[in-house]
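Note that the chains are named A, B, C and D in the order they appear, and that numbering of residues resets to 1 at the start of each chain.
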Amino acid sequence: MTQQELTAYILANYDGKLTLLDTGRAEPMFELKPDDLLEVTRRLRDDPQLKFDFLCNMGGVDTGQRLEVVYSIASTTKHLRMDFKVVLGYENPSIETITEIWPAANWYEREMYELYGIEVKNHPDMRPLLLPEDWNQGFPMRKNWDAPDFIRMPEL
Amino acid sequence: MPELRTEEYQINMGPHHPSTHGVCRLLLTMDGEKVVDAVPYVGYLHRSIEKICENRTYAMCIPILDRFEYVTAMSCNYVFSLAAEKLGQVEVPERAEYLRVIMLELNRIASHLIFFGTTAMDLGALTPFLYGLRERELIMDLFEMTCGQRLTYNYIRVGGVSRDIPPEFVPKCREAIKIIASKLPDYEGILNENPIWLARMKGIGHTDPQQAIAWGVSGPVLRASGVKYDLRRDDPYSIYPKFDFDVAVCWNGDNYDRYLVRIEEIRQSLKIVSQALDGLPDGDIRAKVKAKFKPPAGEVYVRIENSRGEMGVYLVSDGSEKPLRVKTRGGSYNQLQFLPEIVRGRGYLIADIVAIFATFDVIMPEVDR
Amino acid sequence: MLLALVSFELIDIFRWAYQLLADTGLPPVWVMLISYAVLGAVMFGVLALLALFLVWWERKIAGHIQQRFGPMRNGWHGWYQTIADAIKLLQKEDVTIDARDKFVFFWAPVICFVAAFLAYICIPFGKGLIVADLNIGILYIMAVTTFTVIALLMAGWGSNNKYALLGGMRSAAQVVSYEVPMVASILTVIIFAGSLSMVDIVKAQQGHAIFNWFVFRLPFGPIAFLTYIIAATAEANRVPFDIPEAEQELVAGFNVEYSGMKFAMFFLAEFVNMFTVSAIAVTLFFGGWSGPWLPSWVWFLLKTLGVVLLLMMFRWTYPRLRVDQLMEFAWKFLVPVTFANLILAALMKHLGWYW
Amino acid sequence: MGVLKDIKNLIMGMGITGKHLGKHAITIQYPEEKWPMPERSRGIVVLLSDKETGELNCTSCLLCMQACPTAAIRIDAPRGEDKKRRLISFDIDFGLCCFCGLCEEACNFCAIRMTPKYEFSTVNKNDLTWDMKKLQEVGRDVDYVDTRKKKTPKEAAPKTEAKAAESAEAPSLETPKQEESNG
């Protein structure tokens, strides 16, 4: 299945739940509503045509206007790969956990929570991952976080 | 007489422990000598590389990302450059692609030689470590000759490579390949058939392929459990389709197979390097890229096959000279995450945990970033 | 001149010194006390130097196996490197933890150190060069070297550290298990020597060049030697049986909390133990001090250092066994093999089918 | 006969280590002997100066400072009355420097160069910050020969003054061309 066929297949078979975003890049990027996340990801994994059984990467993005959660998934048997994202607002961002679909999401979600403050519902093990256990200085990867000097470059 | 009872106790393996390659802390719940559960605590090496990269230009990101996975820094350079090239639609000259493949594969060999050494050392054999490093030194010399550094190369850039190879590189590289190939039987003679080595490695740390895929495990660990999944073959990047090599795969998924897969990958990488040296074309080494590289707005996830599994970068550009988001993904991250799954409830001893940790080849900078 | 050098026996010096002492006209009790005190001091000095030499030698061997130099800085090829190290360790601050068991923590290295040296009372360094030729010599050695396990257990317990405790428990299990095959393989030799005295065992092997050595008593000699050397490696806590201190698993095992002089005592005791087991191997299997041309003590040292070299080669070649595999190997393989060998040897001795 | 095979394999392993016992060491004794460093080796950063006049090649265009990913280079060069920058101080903090070589690549005037020298350890962290004088002193014996085809200061001299002022605002760096072999 080529990239175009995959896009066409997904647009045709997923009831419009995955909408194609035009991000001006070679590979397609889909958008997903937060409420559909569990259902669609389960279908993506179990779809005999796609078999997306491998979670490559997931993580939060702070674009300055909104928060996004990006999932990159792949299929080890069909050699496919696709990305989709869930867009969230700054107000109480929260998302359903996908650890029951891809257990690999476990640490990624923990990391996302502590770095971006995106709450993950029903996560089995919500402890801080990279930051110290007593970290109370906000969510460091957000753009409005007051970074220590060593991270910003000096203004020239 | 007081009632006799036994209870489980907890023991901290790390963050300062000789065999947790870096600063990983495993909280082991023990029943006597048996390990009941292992919980990894990471973050001791967290340097917020992703945040730092968000505040740097694309050119500056590359030396920073060298520190992301310093054992195979070439891969870090490459995967970031690849993502930036995809965003900026940069065509890379062919000679640059060949040079990149040579460097990537040499670095993979170097990484696997480190794996060979540290694994043997974790199991108590101290000498193979030095032998592994001895041959790695040849590769480091080649890198230093080409780009000036032995560990953090900053060699592969957006649009190509930073410098052409010096004229003496090709003969020296061929010689190094020959030497490494001739030393491999030594390694195998000292360990492969050694009954102690077999007893420590065989049947320990069995990974189930389906479970491993679900946990995002990739690279040699996945291939050792019988999944023939190599991104160089299955999601080709660069010019890998041009080369003739086999994907090393084993079927039992235990420590010994992970070791065998890596040793076999050294052989295959040697093969790729010599093919690339044969086919090395002339031409430019770097595409025309503006010094202030500003890719158009967009986002891309690229992944390559690193020596520790899938290495990926999710790069978001907003059209400025600094990336909006750099999300790195390393193989060790998922493998360390997977570790408790294969330890829990199997009655392994501490020594087995050490062996599994070693053959998973986890290095901490890739996890903590 | 050359002849004098070649036939130079250390025992003559001791005889001469003793004569000198006896001629002073002191009461015999004093003569005895002084001579034993001097002898003890000499033995201690020699063994401490030997241990330091072994440390240096091991580092050189390790270096050369790994294509490095090893110590090179202090003196010719770093010959006094370990002496400097020892002095450094002795004057280091003695860092101890509060939660230790004071009594046990303090005495563990002392017992370990003393037990390591006790064995030398009846090891024949040369012809007549033995402190006391006990008629139960080998039994005595086996008995006192086992003190080490108490010391290690004490160190593990007294440190109040989980790694140390694990190391101590492991060492107890290991040493007790390997004692059995070790004794069984020694018994094989004793059956033929017909004596427990170390001197008699050596004397039983003299004659017929090297073919009277017990290691060449086919077929049980080589087997007994192999099982002995394996068990001895385990007794001396050396790779591949160094699980009590298994660096990569238990960090440093029983001596994880020790530093400075106490650590030095453990460390030196380990090397003295290694020399002990090699010396026993030489005495039992390689004809002890006997050999042509060179003086007997030189022969003894050469042979012992050869066995030590073998132990060192083990250490720098092999990975470490796991603790359960170690016990399995002792009880399921070594014990049956050594006992079968012992019975075979006894049968052959009874029937006279040996040469 | 598994036991015999095991013993054979164990002895074979000892044979391999024993074989190495006789070989000569491949390491060297460091302070007495040193590896010849390759010419491209990225060690200490130095400032180059004109061999004849002894003046720094630096035109204080601040390109290297802008290229540095760790902000290890600190240049103080305020504009004078004639709108030219005057170099007052040029510090490199080797505690921050990550030896990536970007400053060398950014420089258009052969003024800053990474050398194969690597011995600069100190016992005091503050000594790792080198000022202009020290950087110039260490760079005295370093040749102009650069691996990337760049103008030597003399060729660049006519343009230098005009460009020095410009380049601070709008650095228009061409990518380095394919280099010559440096033999």
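Basically, a contact is a pair of C-beta atoms (placed from the backbone, for glycine too) under 8 Å apart; a residue touches a chain by one contact, two chains touch by 3 or more.
Just so it is clear, the structure is predicted and the values come from calculations on it, not from any experiment.
The chains touching chain C as well as chain D are B.
Looking at B-C alongside A-B, one finds more C-beta pairs in contact between the chains of A-B.
Per-chain Cα centroids separate chain B from chain C by 44 Å.
Averaged Cα coordinates give chain A a centre that lies 63 Å from the centre of chain C.
Each chain gets a centre from the mean of its Cα atoms; for chain A and chain D, those two points are 41 Å apart. One inter-chain figure worth recording: chain A and chain B are separated by 24 Å, centre to centre, where each centre is the mean of the chain's CA atoms.
In chain D, the positions touching at least two other chains are 10, 13, 16-17, 20, 26.
Annotation for chain C: residues touching 2 or more other chains are 65-68, 316-318.
Among all residues of chain B, those that touch two or more other chains are 56, 127, 131, 134, 190-191, 194, 196.
Of all the residues in chain B, the ones that touch chain A in their complex are 42-43, 46, 48, 50-52, 55-56, 86-87, 213-218, 227, 229, 234-235, 296-301, 303, 310, 312, 314, 316, 318, 324-325, 327, 329, 333-334, 337, 341, 368-369. Listing the residues of chain D that touch chain B in their complex gives 6, 9-10, 12-13, 15-17, 20, 26, 37-38, 40-42, 67-69, 98-102, 105-106, 114, 147-148, 171-176, 178-179, 181-183.
The touching residues of chain C, when paired with chain D in their complex, are 61, 63-69, 72, 313-314, 316-318. Only residues 10, 13-14, 16-18, 20-27, 29 of chain D touch chain C when the two sit together in their complex. Touching chain B in their complex are the following residues of chain C: 62, 65-68, 162-163, 166, 170, 239-240, 242-243, 246-251, 316-325.
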